[in-house]
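In the two assemblies presented below, subunit A is common to both, partnered first by subunit B and then by subunit C.
Let's turn to the complex of A and B:
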């Protein structure tokens, strides 16, 4: 396709002008309207979050609304020292440990499930339906079910037992869906070539499938970690006597009317941003290294 | 050793099943069973078979009010997230010419999804409150003389908080299905004399249907199954179905809560099944 004849033909330029979003030349008026909507969306997405980060740096006189009163780290210190706000440090510790457990299990199980779903097998539609059901089930209902079940079995509810299971029932379907999207770009010819060259099933997985899918696996890990780290509804009735961080935040939204609440928001968001940055950085790094290897050979 | 192909597939899928059976199937059955039990009033369950809990839930006028409220919020949030999500995805796919920039802007939209929902919800308080940013700005401009009270702790605030949290669930699947539309199809239509409206109506909308369906499932399921946004952002003015049975649990009324949960879950599954009828989700996402 060359551009020159297009430009010469008046009928074509008319058509170009009518095109939905011409790939070059003057932009239609819809572009400006949609760009404005997009900008509004992004501002509304980030604006409120930045408000609470700013407000968490007030001093002792600070309240829940603007204007800022002073500038200090008072509420961050308050957060970790005051008994009134509960066991924030412990909740942090538990939430991160739980999120790491969930991440590891989610990555391994999602990969295996996505490999299985590439072929049809007896009962596959049932497993798929269960997965979608688990994804859309109301979190609190599921949490109550797990709680009642543990009671009936005489088992105590704990964050590393019942809450882990309840969270997995939500992160795994999510992880498998993300793996589906990743797998759609996976060429099974590579796998077959490995097998033809005499690689065992385990070698094929370790040396071909996992390296090829690595960026996608990092994405699944990001989903696993953040969905667990912020999970609330399923954990509420299953965490047992020791709270996780979102449960701590939840009880603070109901009782605490000081910027300590915002300080906790700032701290937990910093952790989220670190995780997101590390994951996206890892994906870019893998792709770059791959690009270098491809160009050097 | 050569294993049968089905056996291999089952070995791969087994871990998933080993999580879903004890932590999805079994708890749902427990809730179903609890809904026909009696309570001793102290949190204990008496195994019987009674439909009193369902009769109690279904004959209470409050139930219908709760369902009406929940469905109203679901519908409002669905409409707003759909419109906003569609426009955002459309802008990114069809109007941003630099592919790298489009991916960058797409990531910019997804980052807040990976942060805490509760924090994102309460972050509206300093903006919408009586002394919040919006009210003080409007007062300063002289547009209003008294602070607007409908902004926070109202239905408006509930819808704003939900749309803020859930639009991303529309953007991502719609973006995916739009990105798969072959640009040559659009060009061919334009060359054949289609107007911009025709292209939108006959190509873009039909081909993004699967994305819309997938996004709708997420939004409907989350709003119907949620309670804390309604509870906090309405300031107690509105209640939701899940909020009501959370309160039942607070006073140890497990069977009533369970009956209400079964009805809600049935309605939710019905809505999802209706959406799934319009599109073969598995084919769409595995391709």
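Let's turn to the complex of A and C:
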């Protein structure tokens, strides 16, 4: 079976190359233009962040601007030992806990609503419009609104209460939209087949729906976590007396004038990358495990 | 066999989705235990809806479904003792062949060792032992179909329901899997209900063919009866192999009808048990392979029906030659000439011929 396409392919690729690059072997000038644009894009995207990471490794004499003075981990130590930099460890702890809470709720609700939205139900367009509405509403305004409402109701604003709600208004619509895309490739015949084979609704969910959708659910979790972890606008007026990490960083930019601020940036970025790496690793692991089990005969 | 556990009876079965138009309109049918039954009809004729109602994936608007004598309307699929094989097979993409087949046992709470033992026996039956750890995505269409069949059969259902099981396969594989389905049906000894739009598939497989149109049964019976003795124009045209033409009754002479039209004046149709009077419009069917072609002037057998016509087209089919004639205005008229006979005196387009057949080969349609 594979012999036929192989025999054809040299002629095919030859034709394709001719069509794209008339001058044999040399790249067209458009290649260099596009490469330059892409390079500029990458530098513009990562350059500023990279400046911060580099400046965080200065020694005691370091300042907030270039040129770089010395090379040490001084400001990382300073970050976690000096009281004047604020409650970084506490803020970090709260942000992680809040992000986990947001992730779990987002994943569960997104899955359930994606399952529900496969069928028409009375008011479905209204529910959908309300959901998109909270996505497009300006975050700061929404945050102020939530804060005001808590005040009016006489409830204290807290990071695990009002801020959680404000963040969900942002992560849930995102999660649901991602799940819609994931669900579009879900064949409802699988559910029907499970039912035909005697599975209860719960067994169908546990043994068929969730495993089939697992990579999509990991993607939603990743979305929920990162959106929550660096959320600022909606959290500002709702977090109450205890800051989350982005709020803490923001207040530090106002009163900390040492490279400790940059060290914090480096640390949080590393954590973000670890989480993204772990999630992608989980997706790859799921796919690999399926592939390996399949090929080991 | 006095065992009737797989016998199906449909009584006044009706289905409507909007409360106005019926997709299935009062269907009555008895399928004997252990039969291979094919529902045949174009898309939208209600055949799949009937299958899904038997399976328990749709509820009838009215009527009863009896399996083994018990009314199963309202029961869950697993409680009916039916199992369905889906059109796209609906194999679970994240489970191996073995786990797919063992799924029904797993949800019934069987332990791993026990359910793998049963599943492996089934895997052997469908000849997939070397592939049992593969995922469905790594199997060919024919292999997937065998997994789907094994998965449905593993709980030893009394009825197996197959929704267009061969439509996803290419021509060659379809013919191969067709005989495999028949083999499995004999081996399992359970009732198979198979939905298809291919009349070739239906008559090749079925003990009982049910021809449907617009939610009603047009004819049900053994494959040979339905093919050779279609009841009406719809069935004759759907199953093919017949020329169908209409004419006005000129006169009824004893047990034969003479037609009242210049082109059909030498056609004689046996009356059978029907009641017709002069002036009625009737449909007549003649099998395409019952007709002989003669050059003009050649002697015809006494009492034969004949039509003078011109050759409109010739198609070589291998074991026979398909000759298209313009014998009857408005109706297709085709003759299947055995390959050797055709090439003794080959006809070409434009030749004038006499199409003749023994009068008793004509069939009056309802």
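Please note the rule applied: the second predicted complex is superposed on the first by the 260 of 297 C-alpha atoms of A that agree within 3 Å, B and C clash if a C-alpha of one lies under 4 Å from a C-alpha of the other, contacts with A are read in each partner's own complex, and residues count from 1 in each chain.
Here is the rule we go by: contacts are C-beta pairs under 8 Å (C-beta built on N, C-alpha and C of every residue); 3 or more make two chains touch, one makes a residue touch a chain.
The structure presented is a predicted model; accordingly, all values stated were derived computationally and were not measured.
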Partners on subunit A (subunit B, subunit C) - clash or fit: fit
Subunit B versus subunit C as contact partner of A:60, first or second or both or neither: neither
Subunit B versus subunit C as contact partner of A:261, first or second or both or neither: first
Which of subunit B and subunit C A:71 touches, first, second, both or neither: neither
Three-chain overlay, vertex subunit A: subunit B-subunit C angle, C-alpha, nearest 10 degrees: 100
Touching partner for A:139 - first (subunit B), second (subunit C), both, neither: first
Partner chain in contact with A:274 - subunit B first, subunit C second, else both or neither: neither
Of subunit C and subunit B, partner touching more subunit A residues: B
Contacts of A:43 with subunit B and subunit C, given as first, second, both or neither: neither
Contacts of A:208 with subunit B and subunit C, given as first, second, both or neither: second
Least C-alpha distance (whole Å) that remains between subunit C and subunit B when both complexes are overlaid: 9
Shared contact residues on subunit A - subunit B and subunit C: none
Complex contacts: residues of subunit C adjacent to subunit A: 55-57, 76-78, 82-84, 86-88, 90-94, 96, 103-104, 106-108, 130-135, 138, 151-152, 155
Partner subunit A, residues of subunit B touching it in the complex: 5-6, 9-10, 12-13, 15-17, 19-20, 22-31, 34, 45, 84, 87-88, 90-92, 94-95, 97, 105, 107-109, 111-120, 122-127, 129, 131-133, 136, 164, 167, 176, 186-187, 190-191, 193-196, 199-200, 204, 217-218, 221, 224-228, 232, 242, 245-246, 249, 254, 257-258, 261, 264-265, 268-269, 272, 276, 281-282, 285-287
Residues on subunit A engaged by subunit B in the complex (per definition of touch): 12, 15-16, 18-21, 23-24, 27-28, 30-31, 34-35, 37-38, 41-42, 44-49, 51-52, 55, 64-66, 108-109, 112-113, 115-119, 121-125, 127-128, 130-142, 144-146, 148-149, 152, 165-166, 168-169, 172, 176-177, 180-181, 183-184, 222-223, 226, 229-230, 232-233, 237, 246, 249-250, 253-254, 261-262, 264-265, 268-269, 272-273, 275-276, 280
Complex contacts: residues of subunit A adjacent to subunit C: 187, 189-190, 192-200, 203, 207-208, 211-212, 214, 290-291, 293-297
